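Every chain is named by a letter (A, B, C and D) in the order it is written, and numbering of its residues begins at 1.
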């Protein structure tokens, strides 16, 4: 069966665009995010073979926020292999309110790399291995073959209002679970969240996840091993969408990683990567229309890992 | 690619059998489980097309325990459709100690159908729809085309020592979340856990999960819809192995449902169902060798949903 | 300084009676409590020397409910001395939602004798030492020198709707922290809660707490030792009024034990015991007017342990 | 009955001194505390009338740490009256691990003024009312009629290692429950903990708590109202000794406030204030010998609020 992906995406965009901004709420904790118009909708995909399709605002850059955790995790797994898991778990985190609770019970070891505490721990590990913000940008640019930048205003706003992240980082530090200075770790973390990319760029950049770890740009070797790529997909499925992971697996059936900027990256293993974007969020903090679009995509293509 | 499954299973059984009983601990909370010899190992699979393969103690019946939750969930989804989810969540449960904690925060609504509280809630719903223990046995017998029985001694022991399950059921009742009498609900629940089946019988019985919901025995219609079958697989992946679900997704990459009797049912969607059994359990309550065997199976066949 | 207690109580009754039933809610979880008219108010006291004063509905019997925990604790301390504290803590319980949470963390050991779990544990210990319901009634009758009875309807209602208490008892049993049969323990517990007494009877019965443990009726020896009497007062202050203990110490400054029947017993060490009753409860489950009356009493007499 | 307090204190010191440093552990989280010799023991008291008694190392200054919370609370109640309680509760905090848990459930409102979060919240309120570190020192000096100083090394060490306090303050800030800059609030808090005083100075400074709020130095008016003084005593009893408050009420029966420097201030309302010091701490973080000495004091004098 061959699917006309361009037609599928256009049909979804046609359905979603009139709804854009009608439901959900744009993240408002920092001004630079709050002023993004809610009425955006875009999506793009790239197949294992390199075919691309897109519709709507697929080329409009947005703040990737927690989607960045996918790439820092990839870097950290590459750098440290299984040693990474001494400081970070691989289990879903249960209830939202558990963030600090669980960190307390588990003595400063975050449950998984996709909750904030886990991503902060990964930033600490990357700094400890000499990784820099510049190198992260370099990786992102290389993956999508276009220059990628931080949004300096977003990074600065995150830093000046990120009290909960300061609380998390200091809490882990109090358990001896951060090696680097709290301010340095959070500077890295706030910058990774402030990367700006479009749907098409993210669909490309995540491409290694549907091609056994191979670089999305042919001839550039592998980003990570096949084994690691499949394991990252597994973590996305069980932990990638905040407290809605069980529901997303149930309703969509694809590994996904979302961000409060309204983007969601999804993977159909061995076939394609997909990115959808619409800024208004549902109660779980995932893009409201993004989730709806992914359900339509899964239903109309029959693509599901289950 | 065709895989010689019989050869694969034999190789795994040859590796595992010498290790059987060497690590882990047999469940000992009731005498009938405690006296099962630790040194058993068996596994069996059945493909979508009906081919079967098995090795080791694949025909020795054991107490299926929580694997039964797979079948009561299937029945309840068939009976109630999406109404089922008013009383039961679909999210992983986080830490083990959370069982009662979460039930308290969530006012008696269990996080998912595979934790004890969730399965008790499902038993309540089934009773409320007129389902009986006899009908459950009838379903199991029909699925594997052989008579299936309860182990009366196990059911009686569960009832006489199941204080924590009595606590859970009374707690849900105190929140108005059980319709039926606590004793009736637990009688059903203790019996479902006391069903005796072999690896081969379970691989057959779960067959509908790899064939779009169709009955494992051709010509007998569908057990559930394709949509429901895929969703049950999703729930197995995110919630099927107690607090190790994230790790199992990461290391094995297949939907699994385990029981403290030492059995684990796994599904390769669209391809096959597999059951492995070895009584000694790891710290998470999953079969120690069973998990190891599933890792080998996934690694040697390359079968993974990711 | 001599205080005209009769005048004080009459003044308080005159202020409170018009307010009776205006604020708060009568406990409604069982019909026999729900149908008690909200508009009752009574109070009575008895000094160390045996002088009595009373006003309002001081002779109307009501369901003493958790006030009974004071007397079963006294019995258990007498029977077991410090061994009692192996199974029961002496610390305030923090938040209401913690009941089961704390029991889980602390492996079935209740935080203190005045939360339900603690009182159930004490009932278990008393049964284990051969104490009976009849002997408890005998003690209560002896303390106030009048026959005291259970309210059979209340006891039966508690038993038929007490799912949360069944949950607590089964949960402790699952940790091996109850020696006796759950049903027997709860039968004792539900009966102690169903004792009917008036304010005057309770002020008399608790008299040993203001007279170094000596029996309220002169010439009958001691109910408990001086050391135990002072320690029971300490437990009342830190744990006697559910989750409002800190506030009660702050605002009233006297050891108190309340019940959902609307009664509150208070102690002025070395001087007097006091009982106030009004059925409508505040959000913490303490008598709304009872608390107000105790604040007036403390303010107008200057009696406070601080 | 008149008690020869000097003889009582000498007897206790004679019993305790040989035990000093034998049990418990000196706080070691900062070097300046860790190097205090464990073998110190001192105690001092001052009666309502101004009589003083002391024994052992009663004049050796030590780091008062959390005992400072008593004085900042007094200041804040004086400044704000009941408005203070909008941001801070008055209930015991339950388990140790609850610090952040409870703060999360209660949306950044600390349970009471004596846990770290509560004292940080009070420091924030004091800053908001224009209070300064210099004024706090001025108050302390005035109360004991001698110049009192901060230990600059301790304050600096607290600041450089106080990750958990940074976590708490940032967490409250994330809930909008701190008005001032986190660094400013913690600078005040770390300094108040670094005040150095001796037993005798603390017994004097706390004197207003046993004399209806009147200044310990006659003729200087009142430190706080009688009502506030009694309420502070109540808070000390229910919340003043970390997670041992129930036990301290039970065993000692006096309002106490302890610090990790090994000091404990106790109050006998209307009669005297007492301070004991010995650096080695028990598992709850209270001075091991200090608690023992207070038990002896209460037992030998019969002084108890119960």
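Here, contacts are C-beta pairs under 8 Å (C-beta built on N, C-alpha and C of every residue); 3 or more make two chains touch, one makes a residue touch a chain.
Here the structure is a predicted model, which means the values were calculated and not measured.
Over half of the residue numbers at the interface between copies chain B and chain C are found on both sides, making the touching surfaces mostly the same.
Chain geometry summary: the mean Cα position of chain A and that of chain B are 32 Å apart. Chain geometry summary: the mean Cα position of chain B and that of chain C are 48 Å apart. Mean C-alpha positions place chain B and chain D at a centre distance of 56 Å. Contact of a single residue of chain C with at least two other chains is seen at positions 97, 105.
Shown are all chain pairs that touch, namely A-B, A-D, B-C, C-D.
Residues of chain C that touch chain D in their complex: 89-95, 97-98, 102, 105, 111-112, 230-231, 233-235, 237-239, 243-247, 249-251, 253, 255, 269, 304-306.
Residues 97, 99-101, 103-105, 163-164, 166-168, 170-171, 173-174, 182 of chain A are the ones touching chain D in the complex.
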